[in-house]
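Okay, got some structures for you below.
Shared between the two complexes below is chain A, which pairs with chain B and chain C, respectively.
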Partner chain A sequence: MSYAGDVAALARKDLLLELRAKETLPSMLLFVVSALAIFHFALPRGAGHGAASGLLWVSLVFTALLGLTRAFVAEREQGMFDALVLAPCDRSAIWLGKSIAVFVFLVCAEVVALPAFGAFFSAVDGRTVAAVALADVGICTVGTLFGAMAVAGRARELLLPLLFLPMAIPIVVGGVGGYLWFLALYDVLFTVLAWAAFEYVVAEA
Partner chain B sequence: MISARGLAKRYGDKRVFAGVDLDLPDGGFLLVTGPNGSGKTTLLRVLARLAAPTAGRLELPERQTIGYLGHEPLVYRELTPLENLTLFGRLYRLPERGERIGMLLERFGLWEVRHERVASFSRGMQQRLGLCRVLLHSPALLLLDEPTNALDAAGLALLDGVFAEQGRTWVVATHEPGRVEHLATERIAFA
Partner chain C sequence: MKLPTLAAVSTALLGLAIALAFFYAPTDANQGLSQRIFYFHVPLAFTAYACFGWGAWKALLHLWKGDPGADLESYVAIHQGVIFGSLTLLTGSIWARISWGVWWSWSEDQLVLFLVLFLFYCAYFMLRFSVDPGPARANMCAVYALFGVVLIPVSFLAIRLSRKFIHPVVFTSHGPQMSGAQFLTFCVCLAAMLGLFATLYALELAGKRLDASLRELKELLA
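So, the complex of A and B:
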């Protein structure tokens, strides 16, 4: 069984768990649509496209945070981290499988969120869609690493936002500005760092 | 199989255990006894490489040759027994896992419920599945923490059958040693 096979098996497991539990994705969908609706009524008339675009990115980052908070619930509540790290597969496969599952949830939420943004504010262009797709990669890879770190901590509900939100600032800057090259660079840099760091996050303490 | 000298574990200021010396050869059976909170679980987690010792020297076999059953059965409750064992069979790179999984599910009386979610199982059935998971890759070293937990008479008989298998090395932690006392070749008693 290859590394890719391990990752596929672990991602499939997470998707199957969500398909059965139906807890994370419905929450993300409800949150992002509600947030956009609130922003629609809160934004003053005549506010520019830039302001609306900023609110889209705020909505997406916090929707992702909601998904990341739920990402390791099964592992935490059922002690499954022990079983996974005991398996002889590369431990980074656990992180990558989980990142892929979170990515799928986030894309599903955005399939609803972007048309909703178009209905409340203005239609999104291709550049914004590309920026969102690139941002998703960084959000999921970095966020999953921090999600795993937070699981081991005591104040895990506090720890994840504290770790993740500062790291999401460059994503918002790149997304609002439409700097695709910047988002791509962020993805490459932090995906490699997260991949290399995960082994140490789950190492025995 | 396992060699330890001066093994110690602390969490902050709290000493869990200290000065554990151990030589457990292949085929040996180490019985770890003591009341709740005495350090049995922590010792097993150290031997499973799930926790690092604070001090001492420890030699262990390769990770893939270790099977560990903790207080929880360590299976996903929203998956079925078949899905759980298939996942771990893949991660342990078992070549003919379908056959092995089928044999274990039959042996532990879970074949008929192999497509049902573990969440609907009693604690005893979950423990049986936990035993299936831990035996799946035929580990040479088995670390079992209170393995009799929640098992009924039939489950205990199945566990006795597992203990009767030759060619394995055992570390069993329990606060009720009566059932396995006669199997022990080494003993650690925590106060």
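So, the complex of A and C:
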């Protein structure tokens, strides 16, 4: 099979699993809406659009973390990682397939979150939507790589936020400021790095 | 260079650096005595960058060439980097307190960058101590260390974008804005800090290697 075929098959596997088990996406949806509701009460009255848009980014990053934490759990718990590594495909295809699946989950969550944000706080403009879309790429590619690292550790769910949040600071800066070029730069830089590095993360010995 | 020689050289350099910083360099007209912390703060920061860079270089050697000792060397360099980085945060904080009356200033982007790096590299230790020792751990740590050096310029750019810029800029595109005596003191201080790093690095590495061979011996005897 070609590289694209491998990636598509792997992404399809994750999406199909989710479609049948419905484990990750409902919790992400519930989480993001609850987080926005909590932030409504955390903000002082009349805090304005600036404060609210900052909270949108916080809730998106944490929602993504929720999905990323779950991403490799099935692989580790059911020993699927070994099978995937043995499969006759490029190892980076595993990463790309998983990133695409996480990206789809995240976009689904945002399709609910952005209108909810518009209803709870203030309307979302096109620039924010573009920034969210660009940020998603960086979050999913870097997060998937770090997720694969985190499941190898004993701390697992605890480890991923620690690894990922410092990496997410530039994303939040770019997102809140609406610097689309900066988010694009981040995406390109770290996607290439993650793509090249994934092989080493899953290679056993 | 042997460890005792290295230690002696960096001790002498450190002594000279302290003497120059306190007695030779002229007192700053605006900031007075407190400006002298610059001779420690900035070399500490440079040294921390050097540590992280060296750690990433060793990580790259590990992934690329499969150099057997590179994983440990990368870890030790990053460990030293976190120590120098913490000292940078501390001295920067003291400077901010005296110059601006606050312990922490979000508008000082070097401080904020060091906070981000501090968080990032602390997570490196969490990763390292959470995964069982072996080639898989070595690979993951190396990948994480490489992400770190790419994160440094990206974060720096992000922080510059995010706030207005009031940190005193000493190094501009027109070269260092210092007098000759200040520059000499600064260079000696920088050399001293780098020497201190080299010594501590060699010392910790020697200790870790001794530890590893002791463990091997114990396993052979058991």
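Keep in mind that, in the parts below, the second predicted complex is superposed on the first by the 204 of 205 C-alpha atoms of A that agree within 3 Å, B and C clash if a C-alpha of one lies under 4 Å from a C-alpha of the other, contacts with A are read in each partner's own complex, and residues count from 1 in each chain.
Quick note on the criterion: contacts are C-beta pairs under 8 Å (C-beta built on N, C-alpha and C of every residue); 3 or more make two chains touch, one makes a residue touch a chain.
Here the structure is a predicted model, which means the values were calculated and not measured.
Asks: Chain B versus chain C on the shared chain A, clash or fit?
Replies: Because the two structures are overlaid on the shared chain, the partners are seen to fit without clashing.
Asks: Look at A:Gly5 in the shared chain and tell me whether it touches chain B only, chain C only, both, or neither; answer first, second, both or neither.
Replies: first
Asks: Which holds for A:Pro170: it touches chain B only (first), chain C only (second), both, or neither?
Replies: second
Asks: Could you say whether A:Leu189 touches chain B, chain C, both of them, or neither, answering first, second, both or neither?
Replies: The answer is second: A:Leu189 touches chain C but not chain B.
Asks: Give one of first, second, both or neither to describe whether A:Tyr200 is in contact with chain B, with chain C, with both, or with none.
Replies: A:Tyr200 contacts chain C only, not chain B.
Asks: Contacts for A:Leu162 in the overlay, against chain B (first) and chain C (second): which applies, first, second, both or neither?
Replies: Touch partner of A:Leu162: chain C, not chain B.
Asks: Counting residues of chain A touched by each partner, does chain B or chain C come out ahead?
Replies: Of the two chains, more chain A residues are contacted by C.
Asks: Identify the partner contact of A:Val132: answer first if only chain B is touched, second if only chain C is, both if each is, neither if none is.
Replies: Touch status of A:Val132: no partner.
Asks: For A:Gly153, using the defined touch cut-off, is the partner it touches chain B, chain C, both, or neither? Pick first, second, both or neither.
Replies: Touch partner of A:Gly153: chain C, not chain B.
Asks: Contacts for A:Tyr179 in the overlay, against chain B (first) and chain C (second): which applies, first, second, both or neither?
Replies: In the superposed model, A:Tyr179 contacts chain C only, not chain B.
Asks: On the overlay, how many Å separate the closest CA atoms of chain B and chain C?
Replies: Between chain B and chain C, the shortest C-alpha distance works out to 6 Å.
Asks: Quick check on the output: what are the common chain A residues between the chain B footprint and the chain C footprint?
Replies: 203-205
Asks: Quick check on the complex: what are the chain C residues that touch chain A?
Replies: Against chain A, chain C makes touches at 63, 116-117, 119-120, 122-123, 126-127, 130-131, 134-137, 139-140, 142-144, 146-147, 150-151, 154-155, 157-159, 161-162.
Asks: List the residues on chain B that touch chain A in their complex, please.
Replies: That would be residues 48-52, 62-64, 66, 68, 70-72, 74-79, 83, 87-88, 90-93, 117, 133 of chain B.
Asks: Touching residues of chain A toward chain B in the complex: what are they?
Replies: 1, 5-6, 9-10, 13, 16-17, 20-21, 74, 78-80, 82-89, 203-205
Asks: Would you mind writing out the residues of chain A in touch with chain C in their complex?
Replies: 142, 145, 149-150, 152-155, 159, 162-163, 165-167, 169-170, 173-174, 176-177, 179, 182, 185-186, 189-190, 193, 197, 200-201, 203-205
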